[in-house]
Amino acid sequence: MSGTKGSKGWNRQQMADRIAQEFQDGWIVNLGVGLPTLCSNTDIGDREVIYHSENGVIGYGPIAAPGTEDLNLVNAGGQNVTLKPGAAVVHHADSFAIIRGGRIDATVMGAYEVACNGDFANWKIAGAKGGGIGGAMDLAACAKRVFIILEHTTRDGKPRLVRQCALPVTARGVVTLAATNFGLFEPTGEAFRVRDLAPGVTLEEVRAATGCPVLA
Amino acid sequence: MSQRNKVVASFAEAVRDIPDGATIGFGGFAMPGTPFNLIKALAEQGARNLTLVANTTGGAQQPRMPDIAMLVENGQVRKVICAFTAATRASDVLPFTKYYEAGEVEAELVPQGTLAERMRAAGAGIPAFYTPTAVGTELAEGRETRVINGREYLLEYALPLDYAFVRARRADTFGNLRFWRSQRNFNPVMAMAARVTIAEVDEEILPAGAMDPDDVHTPGIFVHRIVKVPPAPDGIWPQKRQERNR
Amino acid sequence: MSGTKGSKGWNRQQMADRIAQEFQDGWIVNLGVGLPTLCSNTDIGDREVIYHSENGVIGYGPIAAPGTEDLNLVNAGGQNVTLKPGAAVVHHADSFAIIRGGRIDATVMGAYEVACNGDFANWKIAGAKGGGIGGAMDLAACAKRVFIILEHTTRDGKPRLVRQCALPVTARGVVTLAATNFGLFEPTGEAFRVRDLAPGVTLEEVRAATGCPVLA
Amino acid sequence: MSQRNKVVASFAEAVRDIPDGATIGFGGFAMPGTPFNLIKALAEQGARNLTLVANTTGGAQQPRMPDIAMLVENGQVRKVICAFTAATRASDVLPFTKYYEAGEVEAELVPQGTLAERMRAAGAGIPAFYTPTAVGTELAEGRETRVINGREYLLEYALPLDYAFVRARRADTFGNLRFWRSQRNFNPVMAMAARVTIAEVDEEILPAGAMDPDDVHTPGIFVHRIVKVPPAPDGIWPQKRQERNR
C-alpha cells in the first residue's frame, strides 16, 4: 500500500479505476481504507453504486469539501464524507448484519499478499504483536465479491501475488480479482489468470514478479 | 434506579462508582460518537484493573483526543478487547503498542462485526452464536466450529458489560437517545450490552415526551445517567484533523 | 381465565390489584393479554412503572378513549393504547432483546395451571393440536419475576395450583407469585406459601381447593 | 434490480413473480403493520405450496381482514411457521384450526421472540444461536441444548425468507421505510430476512432524499418493491374492531 510514484504500469488511481469498472448498476459496495477509497473517484457512467461504510453509513458520497465537513459523519477511514439522496444510517450491529447477511455485492480492500488459491492477508504485519482487523474479516468472509488493490511487489521487489500467503490470512479462498500496478488478475486455484495488463507491462514481466504461475 | 430523571451534573459524578475490575465498553468510530469527556473523567477517577471494549485503542491521529490508550498509559487497564490492537502499516505507531509489547496489558483482537454482534448478543440474552467471520484464520485456531448447511462457522460468545460510555446528539430526561449520522456506530449496542449506561450528550437535555417515540434510536430503559457536554473548552468536542490519504 | 362473578374471594380487578402492589418504582413491567391488563388500572401511588409490550412499545399508558384511538398503536392484546411521555418504539427483535436480555423486572401472565415447583402452563389446551405461545415462553424464561393471575380452580372445581402441571409447561421453576381469587401464593418447591388471603377465605378452604400442600 | 425507483403500480404486479413453493414472511401484529393488500393480491395470484411465516394465522377478530388463514383456506399453503397455531381459550375458534386438525396444512409453533430472532439472524448472516426460551418445554424435546455459564440454552436456526410482505407508513423511491408506532413490529426483521421485500405504504411515496438518513427505520437496501395503498375501498386499511376484554 506504499506510493507508486515511478513504479511501472498503473498508478494508484488507475488501479482503483480498473476495479471500479467491474461495478454494476445497483450494486452495494464497501470500500476499505486507503487505496480502495479512490474507487469512488472513478467515472463509471450512468451506473449507480451505493457505497456502504462499516460504521453504518449507507449511501455516502464524495469527501466533504473543506469548510463543509460534518465532524460527526465519516467513512471507514475516518474521512468526513457527504451523503447522497436516499442515504440511511444504522448502528454497528445492523451495519455488520448487512455485511454478514450477504447484502454487499463487492468489497474492495488493500492487502499485503494475495494467493492464487483466493486467500489474502491484510491484518497483521510480519512480527507484530496484535493486528488491525477492523471490518476486513467480516467483509472478506461475507461479501459476494472480494476485490483487492495492491502493489504487484514489495518495495524490495518481492512478489505480493503468491502461491500461498506467508502472513496470517484474513479469509480463505475468497478473492475475486486483484488489481495491481501491473494489471488485473483472477486467482484460479493454481495460478493467476491475466484479465488485463497495464500499458507497457508484458506478460513476462508479470511472471517474473509473481510468486506462482500466471496464465495469459 | 429512577426512570424519571437520569440527568447527572458532572462527568466526575457520573463515573464515581465505577469499581476496580469493571468491564467498560466505549462507543465511537473515529471521532464521531466517542465519549471523550467520560474517558477523561475515568482517567481522573482512577479505577484500575479495568477491561475495556472498543473499536480501537486510539491515538493514531492528531490532534490526540482522550482515548483507551491514555487509560492504559495511566496504568488503569488489565485488558482491552478491540478490532485494532496494532497498526496495519509499519510506519504507523499506536500509543498502545509499547505497553502491549511490554506485556503490561492484555489484548483480545476481535473482528469488528463479531465485536458488535457479541455486544448485541449480550444485550439480547443470546449467550452464543455462530458466524462465518474469521473461519480459517489464526483467530479461529483451537476454537469450536460447526458446519451448518455445508458451511463452516465459528462459535462466538456474548460479551456483557458492566458499564457503557456513549455519546449522543440528543437525549430526554428518561434517557431516550438520538445520534447524529455516523455518531451512532457502536453506541446503541454498547448501551444494550451494559448493566449501566452513561451518556454524554451534545444538546440540552429535553423533557420526557419531547422526542417522538418513533424517532428514538436507543430507548431510555438502556440508559441510566446522562450528562450534557458543556461548551469547549470545558467540554471536549470532535475536532477537525489533518486529512490523511493513505 | 373465566369470569369470577359469584366466585369466592377477590374479583378479577382485585387479583390484578394485588399483583400490581408488588410493582416497585422504576420497574419495567410486561402485562400479558387478558387479566394481567387490569394491573394497569391499579393505583400504586407515586410509584412509576414503565409498561413494555412485546410488539415493541415501551412506555404505554391507558387504553385510548373511544374516538381517540390510533389504529396503528396496540398493546399485546391488540387493544388501542396511549403513550406516556418518554415512550419509545422498537421492532420485534429489539423488543425481545429487551425481554431476553433481562430488562423486564416483572411479567404478569394468565395461566391454566401453576405448580409449587414454579412451573406453569398457559399455551396449550388439553387435547389441542398446536397452541398459542406468543411471547409467553420468552417472558417466562427471561423476566426477573413472573407473576401469574388465575382462578384458584377450574369451572368444575379442579385445582389450578398443583404439585405438577398436567398440561405442557411454558417454563420451569420460574413463577415468583400467583394471585388467585383466594389470595396471593408463593411457590416454595414442595408447597405454596400463603402471602395473602382474600377477605372471607380461610386457609382450610384454600387447602381443600389446592392440589399440593399449602403453608400458612 | 435498480436501486433508483422501486415503485410498482399495483399489488398484482408486485406479487406476480412469486413462484409455487416460496417461503414468505409477513409483518404485522394484530392490525398494525399487517400487509393486508399484499395478502389479498397473493390470494388472487394463486401461488401454491407456500411456506408462510407470521406471528399468527389470524382470523380470530371481527371484522376479518385478509390473513394467513385465508391463504390456507384458498389451498395455497403447505406450512405455516407462527407463534400462534391454535387459540389459547377453548371458546375461541381460529379459522386455521380446521385445516390444521384435518392434516391439510403443516404448522411449526415457535415462541415469538425466537421467531423474531430467527428472522433477524437470517438477515444478519448468523446461521444459528442459543436462547433460554422454551428450554424444559415440549418444544425443546429431542432438540440440541447446551449449557453455557451454568444455564441451559436451546439451539435455534436462522429462518431465511424468499419474500417478505411489509406495511409501512412512509417510503422514499429508494425504498427507505418508516413505520408509525406499533406498525413497526415484525416488519423490519422480515425485510432483513428476505431476498425480496415488498412494501405496501400508507402515504404518498417520497423522492429519495426527502427522508432524513437518521429517521430511516428500514434502509432501502432491504426493500425491493413499493406500492402505495390507495384510499379505501380500493385499498385495505386497519379498521376499528369491537373491543374485547378477556
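As written, the chain order gives the labels A, B, C and D, with residue 1 at the start of each chain.
Everything that follows uses one rule, which is that a contact is a pair of C-beta atoms (placed from the backbone, for glycine too) under 8 Å apart; a residue touches a chain by one contact, two chains touch by 3 or more.
Predicted model only: the values in this text are computed from it and were never measured.
Enquirer: Spell out the chains that contact chain A while also contacting chain B.
Expert: Correct list: D.
Enquirer: How many angstrom lie between the centres of chain B and chain C, each centre taken as the mean Cα position?
Expert: Chain centroid spacing, chain B to chain C, equals 37 Å.
Enquirer: Between chain B and chain D, what is the separation of their C-alpha centroids in Å?
Expert: About 34 Å separates the centre of chain B from that of chain D.
Enquirer: If you average the CA atoms of chain A and of chain C, how far apart do the two points sit, in angstrom?
Expert: Distance between chain centres, rounded to whole Å: 55 Å.
Enquirer: On chain B, where are the residues touching two or more other chains?
Expert: 117, 120, 124-126, 131-132, 179-181, 184, 213-214, 217
Enquirer: For chain C, give me the residues that contact two or more of the other chains.
Expert: 57, 83, 89-90, 93, 96, 99-100, 142
Enquirer: Tell me the shape of the graph of touching chains, choosing from line, ring, star, complete and other.
Expert: Topology of the interface graph: other, matching no listed pattern.
Enquirer: Between which chains does touch occur?
Expert: The complete list of chain pairs in contact reads A-B, A-D, B-C, B-D, C-D.
Enquirer: Hey, which residues of chain B end up touching chain C in the complex?
Expert: Touch list, chain B to chain C: 1-4, 120, 122-126, 172-174, 176, 192, 207-209, 213-214, 216, 219-222.
Enquirer: Under the stated contact criterion, what part of chain A meets chain B in this complex?
Expert: 1, 33-34, 37, 53-57, 63, 69-74, 77-79, 83, 89-93, 95-96, 99-100, 122-125, 128-138, 141-142, 168-172
Enquirer: Inside the complex, what are the residues of chain D that reach chain C?
Expert: These residues of chain D touch chain C: 29-33, 55-56, 61, 83-90, 97, 100-101, 107, 109-114, 116-117, 119-120, 131-139, 169, 179-189, 217, 237-241, 243-246.
Enquirer: For the complex, give me every residue of chain C touching chain B.
Expert: 25-26, 28, 48, 50, 52, 57-59, 83-90, 93, 96-103, 142
Enquirer: With touch defined as at the start, can you tell me which chain D residues reach chain B in the complex?
Expert: Touching chain B: residues 117, 121, 124-132, 146, 148-149, 151, 153, 157, 178-181, 184, 213-215, 217 of chain D.
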